[in-house]
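In what comes next, chain A is part of two complexes: it sits with chain B in the first one and with chain C in the second one.
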Partner chain A sequence: MKFRVERDVLADAVAWTARTLPVRPSVPVLAGMLLDADDVDGHQRLTLSSFDYEVSAQVSVDVDIDEPGRILVSGKLLAEIVRNLPPQTVEVSTDGAKVVVSCGSAKFTILTLPVEDYPTLPAMPALTGSVLSDTFAAAVSQVAVAAGRDDTLPMLTGVRIEIEGSTVTLVSTDRYRLAVRELTWTPEDPNVSAVALVPAKTLADTAKSLTGGAQISIALSTAENGGEGMIGFEGGGRRTTTRLLEGEFPKYRKLLPESFNSVAEVQKNEFIEAVKRVSLVAERNTPLRLSFTSDRLVLEAGTGEEAQAVEELSATLEGDDIQIAFNSTFLLDGLNAIESDVAHLQFTTSTKPAIITGKPADDGTASDYRYLIMPVRISN
Partner chain B sequence: MSRRQLERGEPMRGVMTDRGIVPYEGHPVNDADCTILHIDMDAFFASVEELRHPDVVRRPVLVGGTGPRGVVASANYQARRYGIHSAMPMSRALRLCPHAVVFPPDHETYRRVSAGVMDLLRSITPQVEQLSVDEAFLDVAGADRRLGGGPLHIAQLIRARMRAEQGLTCSVGIAATKFVAKLASTRCKPDGLLVVPTRHVTAFLHPLPVGALWGVGERTEQALRRMGLRTVGDVARTPPDTLRHELGQALGNQLAELAWGYDPRPVTPETADKSVSTEETFPTDIHDPERIRRELLRLSEKVARRLRASGQAGRTVGVKLRRADFSTVTRSRTLPEPTDVARQIAAVARELYAASGLVGAPLRLVGVRVEGLVSADRVHHQLALDEEGPGWRAVERLQDEVVRRFGTGALRPASLALCEEDDV
Partner chain C sequence: MVFIINPVGASRATRSRRTGSVLFVRLVIARCSVDYVGRLTAHLPMAPRLILIKADGSVSIHADDRAYKPLNWMNPPCTLREQPGEDGNPTVWTVTHAKSGEKLVLTIEEILHDSTHELGVDPGLQKDGVEAHLQELLAEHITTLGEGYTLIRREYPTAIGPVDILCRDGNGTTVAVEIKRRGEIDGVEQLTRYLELLNRDPTLRPVRGIFAAQEIRPQARVLAADRGITCVTLDYDALRGIEPDEMRLF
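Here is the complex of A and B:
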């Protein structure tokens, strides 16, 4: 194998592929990155792949090929080397069981791994639909923030993707908060109906890394539909597949309250700054206390014994006055996730879930993003 | 080495001097800086039983479990003459002294008597640090003027009042530090008193075996013996660097200081509990996982009730599992927030048991512990989406109220309903 490529093109492709390399590979070959230089539909292409049996990543770039070939090298080492090369043309060629990477006056010789032991990457499932890449990345990050991190409850570490025709709903919850986002997309089949549970961290990383192109294609193959339980994403020459999570996701729709006793509105940035300041004195596990009256929001944290903080903001409130307490990190996650400048908060009682959304549009259409947060019950 | 080996078993009222310990006969003693008193009740449980049963006085009295695995919790001095001591298996004690009178422990009464004893001590000075039901440190600095005399005078006052008001005897160690005061009370009991003036501390300490040092257990004692150190004096004459090197920084420092009688620990009244725990030794080993799980629930109920009664909650739940061969496994887990709810404690205890590798193994003892205690009024509960209504905490509080009105056993989890009446 022998090919030449510009350093920046190679560095981008290698870095993207290396993201999904397993940190502690279950078998040594999985630490490898597969390089395949070949003629694809009349184009000279280099295809790079990584795979850890859960997530696969594959990217193709144009290169000048002198001699086609297929090799496996340590992905981590290759990424380190390529990242540090000077901005010139890189030549990669094999020499027996070794591969030589030369660029300018620098030359590296790396041992290859046995390419015949490398597993076959899963095929991309059939296309289900496509969505604007920026919209998708923003929606996923809004939702993934509420996903659980406790691996003993695997179904809560995922983002649930519900597809109904041209509507996609993304949901996550860790039992203490729940985030829901709806967006429209272009399905292949206008009557499509499908559900998938995707590991939240992988989904967020993937969505962010595919914002290069205008559109992302999504390909879903669920076990219910006779598939192998996999989702694929493709955009800008990059494609990745992820195995779906199993387990039953909570029936979340009935948890979303329908009616409220109080509705408050607060300037979002002021609110975020005040929460950060006041929670400085909140020890671990002690909540931030909020008190809403008709035109005021008072934030308090801390105990009488040690340190206390209080801050007052202007706010509007319709309905009953309410005192409620939250974990300040959960509250900040919700406030940071809404897109509007004004935070819209709906309450029932101090022990019932509250809903945070952006300020609804003047035409009254419901917000496409809702962040539900459970309060902290204060002992007395 | 155990404390018992330091005890003489003969009453002694003495003063440490440059001629050794001499009897105290009312002569002037330089006790000005010996403001720390260690009060130790003599054979406390057994003495309380003697008080309640005047007919057994002068007979050997034992308090402890009478089951196949019962141990002696307390023995009066008549019984100790037969070589009986606390923690000895009851069966062995009764072989040594078949005519001993045995009482099952009545902890409620002991606690009540103990409360009276501690009240008496607190009427002397508020600077009382209670160590257990029958032991306390007092710092009497500043109490002398009010009580008309120095520490030795106050010690005699305490002993006289203890006899008159409680009908019990105690031994009092008087020194400038907690460490020496406690050794002094051990040396002079029962019904004794010993002053160790500061200038005679090293003479008092150095002949004692290394096991007298606070922090020296069996293992450390072996380590010291390997270094050729048998007495406190040997340790004192060893360079601190050598001790630190052999025993580690903390213990090495501690022993180097204690060996010269240096102990900076102040008397701290009302030290909050560090943990609440309870355990059960089975009459015969149990291997049935279902019974172990039920036992863990029962012990969790007990711990949770004690937490709630004292207004505390804890973040770390631990279990102790002892195999038939006495090898013991402890496991613990820290929760996201403190709890005083038996259901939660039991759930964690059962998970720890399930993960211990001892499921199905015959167990001799199980225990449940809650640590990392904080005041319950500072515990806030993050509600979860799938959590409805007031929760188990409210249920268990109601249970406390029922028990308060109708007695223990009035209400308990259904899975414990078949247990014996006095189990909970």
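Here is the complex of A and C:
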């Protein structure tokens, strides 16, 4: 095998593929990255792949091939080397059981791993639909923030993707907050109806890294339609698959309150800054207390025995005055996730969940993102 | 803490004039300075300190902080010689190690407290209680592992020891469960041995494994996955039915 490629092109492709290399490979070849230089439909392409039996990643870039071939090398080492090469043309060629990577005056010789032992990457399931990559990345980051990190409830570490025709709903919850976002997409079959539970961290990383192309294609195969429960994403020459999580996601729709006793509006950035400041004195697991009156919001944290902080903001409130307390990190996650400049908060009582959304548009359409947050009991 | 009774050290160290016994712990609070003379030389200036003289003869000097590790100490076997203060000379206690001859010299200005207590033989730290309780709870709530699970029995006997739980999953496949507080590599190894044995039994096989723990180390997870063993993290409080104090959505 022998090919030439610009350093930046190779560095991007290698770095992206290396993200899914297993940290603790149970089989040594899984630490490898597969490089396949070949003619694909008349184009000279280099395809890089990594796989850890859960997540697979594959990217293909244009290169100049002198001699096609397939090799497996240590992915971590290759990524380190390529990242540090000077910005010139890189030449990669095999020399017996070794690979020579040369760029400018630098030359590396690295060992190859047995390519015949490398597992076959899972095939991409059939295309289910496509979505604008920026919209998808934003939506996923808004939702993934509420996913659980505790392995005792594995189904809460995922983002649930509900597909119903041209609407996709993303939702995740860790039992203290719940984030739900609706977006429209272009399904292959306008009557499609499907549900998948995708590991939140993998999904967030994937969505963020596929914004290079305008669209992301999503391919889903669930156990119901005979597959083995897998979702694939493809965009900008990159494709990745991940195994779905099992387990029953809580029936979340009934958790979303229908009616409210009061609705507040606060300038988001001012609110975020104030929460950060006041929560400096909130010890771990002690709440941030909010008091809303018709034109004021008072934030307080800390107790009389220790440090205390208080800050006042202008806000509007319709309905009953309310005093409510939150975990400040959870509150900040919600405020940071909304897209509007004005935070819209809906309350029932101080012991019932509140909903944070962006300020609804003037035409009265409901916000497509909702962040449900459970208050913390105020101790007297 | 387990007391290792060292008769040599004990008889010399704590057969004081006041107690005449060998199995007492003696607590002294005194203003003292301490000098250690031996492989290294260390000095603690005059200050109030807690001096513990345990039944095995060991002497340790504590300051008023941290839960373990004294400022200075002498392990058994050792002897304590008390030299009362006379003619303006302060009281001096000398602890001498029976083998190395290293010395701990306590110069005592004032004794603020001095008492002895008989603790008897310590039953030892009971760590396995939680593990046994986890086994009991998981057997009671076997569907924690998944829908349709049914219990065969706890402590299922094999030639190399009992398997914590043997059960069947929703498809009727036999499942061996190993329960640990902390899931480490050796727990996976243990379960692997059981599985190998159980899979020789034509009435049970195929038997798959579940490694259940409150916390599973990443290395153990990798090894388990490699051997086709499922990992399950257990929530002890949830199994016991203890609801957390904080409010949750569900």
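The definition used in the following text is that the second predicted complex is superposed on the first by the 380 of 380 C-alpha atoms of A that agree within 3 Å, B and C clash if a C-alpha of one lies under 4 Å from a C-alpha of the other, contacts with A are read in each partner's own complex, and residues count from 1 in each chain.
FYI, contacts are C-beta pairs under 8 Å (C-beta built on N, C-alpha and C of every residue); 3 or more make two chains touch, one makes a residue touch a chain.
Everything numeric here is computed off the predicted structure, so don't read it as measured data.
Student: Based on the superposition on chain A, does the combination of chain B and chain C result in a clash or a fit?
Tutor: clash
Student: Output check: A:Leu178 vs chain B and chain C. Expected answer is one of first, second, both, neither. What do you get?
Tutor: In the superposition, A:Leu178 touches chain B and chain C alike.
Student: So in the superposed three-chain picture, is A:Thr329 touching just chain B, just chain C, both, or none of them (first/second/both/neither)?
Tutor: A:Thr329 contacts neither chain B nor chain C.
Student: Is A:Ser26 contacted by the first partner chain B, the second partner chain C, both or neither?
Tutor: Touch partner of A:Ser26: chain C, not chain B.
Student: May I ask you to decide whether A:Thr186 touches chain B, chain C, both, or neither, giving the answer as first, second, both or neither?
Tutor: Neither partner.
Student: Could you look at A:Thr303 and tell me whether it touches chain B, chain C, both or neither (first, second, both, neither)?
Tutor: The first partner, chain B, only.
Student: Looking at the overlay, does A:Ser166 come into contact with chain B only (first), chain C only (second), both, or neither?
Tutor: It touches nothing on chain B or chain C.
Student: Counting only touches as set out at the top, which of chain B and chain C does A:Thr351 meet: first, second, both, neither?
Tutor: both
Student: Which holds for A:Ile378: it touches chain B only (first), chain C only (second), both, or neither?
Tutor: Touch status of A:Ile378: first partner only.
Student: Once the shared chain is lined up, is A:Asp151 touching chain B (first), chain C (second), both, or neither of them?
Tutor: second
Student: So which chain B segment collides with chain C once the two are superposed: 42-50, 132-140 or 204-212?
Tutor: 204-212
Student: Could you pull out which residues of chain A sit against chain B in one structure and against chain C in the other?
Tutor: Looking at chain A, the two contact sets intersect at 173, 175-176, 178, 250, 255, 351, 353, 372, 374-377.
Student: Considering only the defined contacts, which chain A positions touch chain B in the complex?
Tutor: The contact residues of chain A facing chain B are 173, 175-176, 178, 250, 255, 285-287, 303, 325, 327, 351, 353, 372, 374-380.
Student: Show which residues of chain B lie in contact with chain A when the two form their complex.
Tutor: Spelled out, the residues of chain B in touch with chain A are 336-338, 376-387.
Student: Which of the residues in chain C come into contact with chain A in the complex?
Tutor: 216, 218-219, 222-223, 225-226, 233-235, 238, 246-250
Student: Tell me, which parts of chain A touch chain C in their complex?
Tutor: That would be residues 23-24, 26-27, 53, 150-154, 173, 175-178, 250, 255, 351, 353, 372, 374-377 of chain A.
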